[in-house]
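Please read through the structure below; I'll follow up with questions.
Chain lettering (A, B, C and D) follows the sequence in which the chains are written, and residue indices restart at 1 in each chain.
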């Protein structure tokens, strides 16, 4: 069988892990080839890639949506063509009313932000000053995680934490490094950095270290549990990250789409939960990602 | 002044008045009084006046940079004067744009060609005035017919559907002339229209001018060619250094009078040709052919010799020069330099072999328009002089350029002026300077004195003679018969891509050259 | 430096008159045919299928680039005047967001106007085009009257418009659009919109004064000015048209995706400019045709469809894509040069 | 001419040497000062702090744009020849990946060469510069010899090089770089690298034959050719230098981030071109200076530091950024025009 995999973006560490898990899993199966496309963060491009898959007559499609709201249109297109479709990681807006031969395997973005922020809050003892570093504005991850962060900080337990600044660093390390350096030069004082992903958290750590801040005094949180992030945690720089099971999602998605292609019954929605990573349980993750 | 004080009338009103035919009658068709125009560092016009009668040809004379083009550009709505007043048919008028001028019946042929290279001849001529059909679409058939009619009237033989970029400079000039005539304006300004033309086209142009004059049109004619002045103009005005010197009837004066008015002194010798010892052959061309352009061109030029090249427009003279210099490498034939065979496949090779080549087309292949005079002048010499370890020896090269500029009488506020801001003739001088600086052993000049005033022309002739005296071989293409006859030791004549004959200085006459050129 | 300056060495004074040259698009069209044939052959060899004999694929080839195509028609005109428009991709995003705000159906929680009833599709469509037009007017005005380089004026618009689309709903997508609105993005409609737009401006450029002025300004602004053309007014028109077309493209994008997102249209300007240049438009101005641009756009579409068809690994796709773009233009330049001699 | 007229008019017959005009950079420099002062004033009003009296901020302003600056120095030269280089951002990504592959420390699981010991930093650095150089050579060769427009040649390289950086490690980041390598990205080192590069090429452009020929080619390629310049060879040099500088920028980027990722450098080319154009380089060729580009780069840096300093909401930043870029150039154009009269 040929499976078309439409990724939202190649240039992202966690998504690269997801992609590899699907490719590796398929390689281990007999007579299954995957054909991966890079949506480059463009929803229209991704739609066209799905159309191209349909025209090429693939047996099933796995899609990591650029944006959840575009799911409905793509869902409709695949249903018309009668090709099985599995949404991975990013739940389409119509996740509760998916047509036949379609399913979702993934997790809920907001949960990552919630886990991260709750832990940071706990480490701060419910009060202090924090900065938030957002991913590229307008992307699903940025919106979901930032919203969750704000929701947690609005709870009674964490109300004592004041957000002193909030900016975007486009998911990347260097812009985050520059952003935090700029904050420090403006005399922003904060006890915690809540970043939408690990890369930005690592950029923040580099900036803090470069200006001589002691990393014991600042709580830094990220999301993804990338190899670099785990190393930074090992070194005592990063305090919180959230593991999202790329392998679980990837393998689950491929298996689901194959089952759909073979006419077998599948679960409509499979949620694979995020897992919190801190220094305490670090060891069990270093091998995973 | 006794003139009633009048507020300026808006150009659109004026245009309407003109269309209605209720044009006020005035002694002068167009008059400019007390015009002043200053550019940064240059006072181009200082209290200048000029009056044009209807049905007459009024020539403007003056050295390069005297301000002729600037005044005309003011009359054509391109510049606005700092001071002064323009009256059209006795009515004061303020021209804000070229469109104003056109609508008021003033058309101009610019000194530099102003055509759209990727558009056809017809499109170039009728731009903004394209005939349209009922639906508002451009009627290309009608436009073609209109162009063909215009060309028939003016006796121009150019295909209206060809893109202008395929035309030679001379043909482009004819297109410009046709375009200006097509406006059917009352005032027609011609800024050195003949600098790229040979005698045939000039004669041709003059018959067009006479015809227009007989229809009551006023024509302003700028030229540096003295004989044209006497042939075509009724009266003339002289400018010097941005100032008005005087106006006279062409019949009242002699050539020397005019030169004195222009230059402020007398010029003793126009073609200071001296006999020099002719040396060995330095450039030997055999059976040189560029497919479809010229064929089997063979000649020798010796050290110290000036070989003139004559021919009609399109005879391929410029193409031969380009090929010898490696701009368009030959399809067959050989070139020997100083007795050695050289494959000149690019200008870089030619320059390594001590050749220099002043091209005909100032704007396209000459000037680095947006750069300053210094950079324009030094660009060719930096290949082997004034550079140490890659670094340009600024002060040495500046000194050399400055001396050259002085010698050539370049009129400019300084070497750091953009060449774009120079008058046409002064640009030409800078380009000549570029090549003279390289101390060439073979000097190829294509229309070297195009657009150059009499004084500087004599100076350039003197310099060329000096170079020849020092043993430089000179190949000089020129469409100005007196120049070719006056300067050459030998004349090669071309016709339609073939050499039709050689004439020695002693035997050459205008008639003989023309005979060979049109065979 | 445009290559034409260098290539123009084989001179000819008077080519035979009345012999209209073969259109330059023919050359790039042959390149397109060549690419398609290569895919066809490789298809038979590697995937045992025909590349071209598949109507679904033929549609999607153009469908996937029709938004780029709509923009490219406007961008081509801008480039012909000697300018550039970097803002079109961002204008797509901005108009998609704003237009979609007026196209949300009442069954959906609205991002912007919570209490509005369903509006007829014409309202969001008109809004989108007008917003694009306004952006284009600003570009044109800046370029014509403040004399700043088009690159800067449209770069400013590019950054600002992208900012507006993010700010408009604070990054939230606008979804749940009315069926009437979504219709223009369904089926082959985007292709039809693209081709109609291309046809209109093909005619405008070739057969109207608007077109002649556009070429004249790009070929030689000085000459255009002394011929009495009001360059400022014309440039504003051209940029406004480009903006309006980007607005239209934004509407089609939103209707196709049935949602609008602030990130829509990122880098589309580059694809549109590339399509125009591949199609023979010169960045130096004065040269270019809509037909060439259409072919350039289709080349981009054929290329992507072919990759999926041949199952080229995504990692290699980009590497090869870059090479094909270059090769296509090299082949074109080479053919045109040969033809001349 | 020895007439009395001379005494009265401002004109001089013979060139007065040494009368250089005020450098055009002065104008854009004043714009930079103006922007900084506005921030300073707003700073006192809204955040009760000085914007400029803060050495850390002064460093970061330049530090955050020094990579852009290094690229912009190369891009400026390309633009002066009348060309454009769209590939620099992708070349940054590509060289960052490849160079970092040679710079991984042995304590880390290597992405590429699992069994290599720590190499001295000079090896990845040289590798990176050479790879950039190679990319530039390809660009230059294509432009000089196949005569395709620089836009297309470098667009092809842009797409392909990005593809290579994704393919190189199949998207895995390359981390755990040696301290020696990371050193050149630490502290103010990137700023120093940027300024040294800028100085070298400032001198090269103004005082060497290389520079004079670069301007000549941009001003009029045909005239330059007739003046004996080997345009092809020179263009290859210019693009190769631009490529090598992009390679250097890639190294600095990786060293600063202490990791290399395939997405590095995305859109840097646009910032670099923008900096050059803001600094007075003309896309038509023949005009531009490194000093202007440096000022342009710093304007970009000051702008972003200023946003953070004034706590401008992320959603408004881009909208304002676009407007400031336009306003800066409008102010510059306006000043230069006034100065002239």
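Methods note: a residue touches a chain if its C-beta (ideal position, glycine included) is under 8 Å from a C-beta of that chain, and two chains touch if they have at least 3 such contacts.
On a predicted model such as this, the values are computed, not experimentally measured, just so you know.
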item	value
Given chain A and chain C, the chains that contact each of them	D
Approximate Å spacing (C-alpha centroids) for the pair chain C, chain D	28
Chain centre separation (chain A, chain B; CA means) in Å	70
Centre distance in Å when chain B and chain C are each reduced to the mean of their C-alpha atoms	43
Between chain D and chain A, distance of the C-alpha-averaged centres to the nearest whole Å	33
Where chain A touches two or more other chains at once, by residue number	10, 38, 137
Shared interface positions of chain B, touching two or more other chains	327
Chain D: positions in contact with at least two other chains	166, 170, 222, 225, 282, 315
Full enumeration of touching chain pairs	A-C, A-D, B-C, B-D, C-D
Residues of chain A touching chain D in the complex	10-13, 16, 19-20, 38, 134, 137, 165-168, 172-174, 177-179, 181-187, 199, 202-203, 206, 210-211, 226-228, 231
Interfacial residue positions of chain C with respect to chain B in the complex	8-15, 17-18, 20, 203, 207-209, 211-213, 215-216, 219-220, 222-230, 286-287
Touch list for chain B against partner chain D, complex	38, 40-44, 46, 63, 240-243, 263-264, 325, 327, 346-348, 350-352, 357, 359, 364-371, 373, 375, 378-380, 382-383, 387, 390-392, 394, 398, 402, 405-406, 409-416, 434
Interface residues, chain D side, partner chain A - complex	47, 49, 54, 56-57, 60, 63-64, 67, 108-109, 166, 170-173, 175-176, 186-187, 253, 256-259, 261-264, 266, 304-305, 308-309, 311, 314-315
Residues of chain B that touch chain C when the two form their complex	76, 78, 97-99, 102-103, 108, 110, 114-119, 123, 127-128, 130, 132, 136-138, 140, 158-159, 161-162, 165-168, 171, 292-293, 314, 319, 322, 327-328
